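Pasting the structures in now, so scroll down.
After this come two complexes, each holding chain A, first together with chain B and then together with chain C.
Coming up: the complex of A and B.
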């Protein structure tokens, strides 16, 4: 008989949880969302002998409570779904804080498999964890791993295969008498709500929302009153203190420090002195960003050229003039192909962002950014969702939920659409490739910069208008620097790029199909001519864009369909002009360098895309989503006109 | 007792109190910043972030936060 085990993988952020999860699940990955929310849920099924393991990746958190979205998801899964075991990934060099989370999971009364990860980093710093002592104290096996290099994973599998016989940990924190009595009372009288010590304590210290039960509420109020009478101070503080005391006592017995880290200035501190320096921090950050985009182009472009050549060759292979072949050639290959050629650039962008995140620099960047973000009315942490926005606005808007304050969430979500996502990149690339061949990365970099400036200004103005309260302050862990794992970064970039390709395959394909049909109707019309349905729609709208310098009906059509997804802008040009070579020459003749610039700015600013608007609406509400659309369309148009008119006045183009 | 924001980098401090709401002191505790514990202020002053380090753990705090944490220099 085969057995099935559900194993949750929990751990602090920066504990190497993702690397370990990847090592365990390999390529058997299913990515979805947690029920009711947009936080990513990763699951992997692995069969070993007659056992099927389902690994579920829990959001990386420092604690477990109802106080933030991520922690609530972790709590709900662990306490309600009650997995068969929980792997807790612990950063060996950061014993105390990581063991705090481990303590919480133990208190849930679940089977726990503690994994001491990054033992190499700990050893380098003179920290040795005695697994034999830890195992003796808790009565459960501890596994040492270096997940980034796959070390120790086979030991973990041995423990997992014996998970049926695994004992629960025997050593737990003890609390003062009145608290213990209250926990016992709750667990006896309300076995459903207070199913574990963790839940009983959470109900007492308001770390979890008290379930809807009048009798329980009354009892809790009574117990809280009694504890307050006997003990001084806040209950939640007291409980946290006891948990930390417990962790310290374990550390004393099982952690050996060979040299005082106080005496030795760690490499991390030395690096931090530069990268968070008041004067150097900003320029270093800008240089890092510029380098990022420089690499996206110099490394990506040769691949782009190959793929391009491949699509060109493909369209030559399909001869004939029939309706279907015309669709395949003009619609499919030119339209979707125009978008897919940028896959290498997009992969590299995601890859480099993942590298920055993994190396530890990204959280420093948040602090560097905090100074001017704060001055401009945004939270320092807002910077990370905004940076993600460079990849795709959708996950970026989802990431605003990591901000604790609602106002910060709203403002950040409204600022994100101005971050140049990977879908705008094809538009930039198409135009700079034609008009700014010598300054490609500089022009694109300045567009990214313009997006950031607009984002900050929009946030600044909106804060003035809608919120008067000050920005909530920034607190963040600064993980030790380490050499990032290329494999993990490649995998994360792979997942995100696949998402992009899927989008190109379905959504963009559908749009391109509609454009192709409209370009072929009415029957008998010359394909994609001004007389076609699409040509007439475009021609009707085009005069609006005259002041911005691009009044061809094709440009109007591209912008209209760009509402659906920005990739479609390029796809539309591809369909309407037919093929890469024709596309390049047609755009070269219809635009000037100046109007290309105003068109790129328009594409950057006006509406992110339907999907982003939908996510904004889900995250912060309809009112804000509508406001976002209104501002971006107006602003985009005004800026495009401004650029063209000013440019013409000073004699460019 | 002074706010962390006024402490020179390099000094050793003991955290005495949090002058902020329940959620914010919860966040600090969760990251391992506890009343009565000692930390090295490894960076800070002149606008750069305040980094409280304890062993290998480094917690960065913006100036706004550093004003709300009351400490004593040791």
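Coming up: the complex of A and C.
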């Protein structure tokens, strides 16, 4: 008979958890979100003999409490879903901090499989972990691995295959008597809420949210008061201290440190002498950012052009005219194209982010940029997404995943759409080429600057409105440098890209179809002409733009099409005015320099594009995506009107 | 009315009972740094008044009455100490010795007011107003004159980690931040009693890189300010 085991994989960030998870699951991977939140959940099913293992990747955390989203997910999964066993991946070179997490998991009363990972790095630092002694102390097998090279994974499988007979660890931290008494009281009186020592302690030190039970609350308040009275000091400090003392005692018995060869530390130190140097750190960071931008966009864009050309060629292969042909060409093919066109940039970006993360540079970059970004109300790690926004908002929004804190993710994702992406440039160029021939670059530059200013203001205002409680802290590990694994990076990039195609793709594709329907109906009308539904909508809304100085139906239709992608605005004008030469004179007659300016600002600010909205929705949720649309449309319109009206008042145009 | 030393005895016995299974008169003598016979005569007196149970060569335990009194003294001591140490920011050793003097004379009214003040501070801090921090800053800016200044420099080695210079090894005494920050720091091994050193600084002086538990952690100025340390 087949058996099913659910095995959670937990561990500190930078403990090599992802590598080990990849080694265990191979390509059998399901990527989704944890219920109710936008944190990624990875699951892999593997069949060994008559046993089916379901591995669940728990977010990488240092502790487990209700204080952060990632930790809450980890806690809920471990304490409520109660997996059959938990693999705790431990960075052998960082024994204390990693064993602290291990201690927490043990206190949950689950079966634990401790994996001492990166033993090679530890050895280089002169740290030897004695697995035999550890196994003897805890009464459970310890497995040594070097997950990045697949070493020790077969030993881990042996332990996993015997997971049914595995014992629970026998050695746990002991607390001062009053605490132990309180834990006992809680576990006896409230077996549901305080199902394990971990939960009882969490209820006592407010590490977990106290369940809604008046009786429990009263008892807890009484116990807390009594303990704090008997033992001077605060409970959370006291319990953490005892846990660390427990870890120290284990380290004393089972960890051997030789003072001599501290090569690896020295190497990390030596690299950091430059990378996080007070004077060199900044320039090096800017160079790294330039390189990232260059690789993502300059190297990625030829692929984008090929994809575009490919889909264009494909649509030419469809012969004939008529509604069906148009549906296939403008609807289906361009819909699929609209999704796939982002793939090269997204793949390259997440490949590079994985390399930066794996090597240890990403946190250094955040360290260097933090002072500046913090002054703007954002986190050091927000710099990369914001910068990428200049190239394309879509990968930029997806990059907010690198931020740990939900508030920072939301604020950064909502600020990114105002970074002037490269798709907006053709619109600027069209208009400055006609109206601002002498000041082309100044005008374009000022638009970019305006975008940055709006992004900062939006982030600051939204923080004030939605996240009034103190700013999220920067308490970040700078891991030792590693040689990054290209395979892991490629896999991570592949996961992200598929995720984008699957989850954001349908939304983008659907919008392209809707716009096509609006532009092609009623049957027989010329595509996107004044008689089409979209043309009529354009004529209907055009008066709204009168105060902004552009009230032609063509401008309104172009803005509606701009929802697909900003550069489409130019193409739409081309179609509506009938060709390139006609376009220049038509725009020249329908716009003035002032209304051109207000139109450009409108283009910069209103809804970035459907794909950006789709990824914002995917990354931070529908509610925030709707807010982003609302703010950007209102703000774009108001700014356009403001520019036009003020300009007229002071006598320009 | 008990003399001060009697209250001291009860308090010490109570503290010892937390550590030891069985308290002997010699343990108490060691605590006070006096000879065992003087402890024995004091114990006899306490026994007469019904505060302790004690047989010759046997274990010392507090009676119910004695326990009540001991807890009361201990509470006054602890509250006084906490008030001096964490509200006023008086250095550890001074707070400790002052609290020893206060515990016998302070009224329960004042103790209750001090406790209310702690809850008041916590409530304020949860709302983002750190009165302790403002007071610390106020004291730091206030010019200190003459003899007092030398005395303070000598004694007050405690400071927040944000004020420590690079490369100096300190011991962590206390974490003062909001619950969220404190929990994160504790989880990452920033534990009272651990030693810590600033390894490097960001481009404009902050954030800082600190060495703790054998790894490198970065903190902004805001977080570093909540870590109270003492130079070694």
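We adopt the following convention: the second predicted complex is superposed on the first by the 348 of 653 C-alpha atoms of A that agree within 3 Å, B and C clash if a C-alpha of one lies under 4 Å from a C-alpha of the other, contacts with A are read in each partner's own complex, and residues count from 1 in each chain.
Quick note on the criterion: a contact is a pair of C-beta atoms (placed from the backbone, for glycine too) under 8 Å apart; a residue touches a chain by one contact, two chains touch by 3 or more.
All of these numbers come straight from a predicted model, not from anything done at the bench.
S.K.: Please determine, from the superposition on chain A, whether chain B and chain C clash or fit.
M.R.: clash
S.K.: With both complexes overlaid on chain A, does A:282 touch chain B (first), chain C (second), both or neither?
M.R.: The second partner, chain C, only.
S.K.: Touching A:132 in the superposition: chain B (first), chain C (second), both, neither?
M.R.: A:132 contacts neither chain B nor chain C.
S.K.: Looking at A:63, would you say it contacts chain B, chain C, both, or neither? Reply first, second, both or neither.
M.R.: Both: A:63 reaches chain B and chain C.
S.K.: Per the contact definition in the header, classify A:165: touching chain B only (first), chain C only (second), both, or neither.
M.R.: After superposing on A, A:165 lies clear of both chain B and chain C.
S.K.: Is A:176 in contact with chain B, with chain C, with both, or with neither (first, second, both, neither)?
M.R.: second
S.K.: Which holds for A:236: it touches chain B only (first), chain C only (second), both, or neither?
M.R.: both
S.K.: Let me test your reading of the model: by the given contact rule, A:94 touches which partner, first (chain B), second (chain C), both or neither?
M.R.: both
S.K.: Show me the chain A residues, by the header's touch rule, that chain B contacts in one structure and chain C contacts in the other.
M.R.: Shared contact residues on chain A (touching chain B in one complex, chain C in the other): 62-63, 65, 67, 94-97, 100, 207, 236-237, 240-241, 244, 268, 272, 276-278, 281, 363, 367, 370-371, 374, 380, 470-471, 473-480.
S.K.: Going by the contact rule set out above, which residues of chain A touch chain B in the complex?
M.R.: It comes out as residues 62-63, 65, 67, 93-97, 100, 122, 125, 127, 207, 236-237, 240-241, 244, 257, 261-262, 266, 268-269, 272-273, 276-278, 281, 363-364, 367, 370-371, 374, 380, 404, 470-480.
S.K.: Which chain A residues qualify as touching chain C in the complex?
M.R.: 62-63, 65, 67-68, 94-97, 100, 176-177, 206-207, 229-232, 236-237, 240-241, 244, 268, 272, 276-279, 281-282, 363, 367-368, 370-371, 374, 380, 469-471, 473-480
S.K.: What part of chain B is in contact with chain A in the complex they form?
M.R.: Answer in residue numbers: 22-32, 34-35, 40, 42-43, 46-49, 51, 53-68.
S.K.: Taking the complex as given, what residues does chain C use to touch chain A?
M.R.: That would be residues 18, 71, 75, 78, 81-82, 128, 174-175, 177-189, 191-194, 200-204, 206-207, 209, 213-220, 222-223 of chain C.
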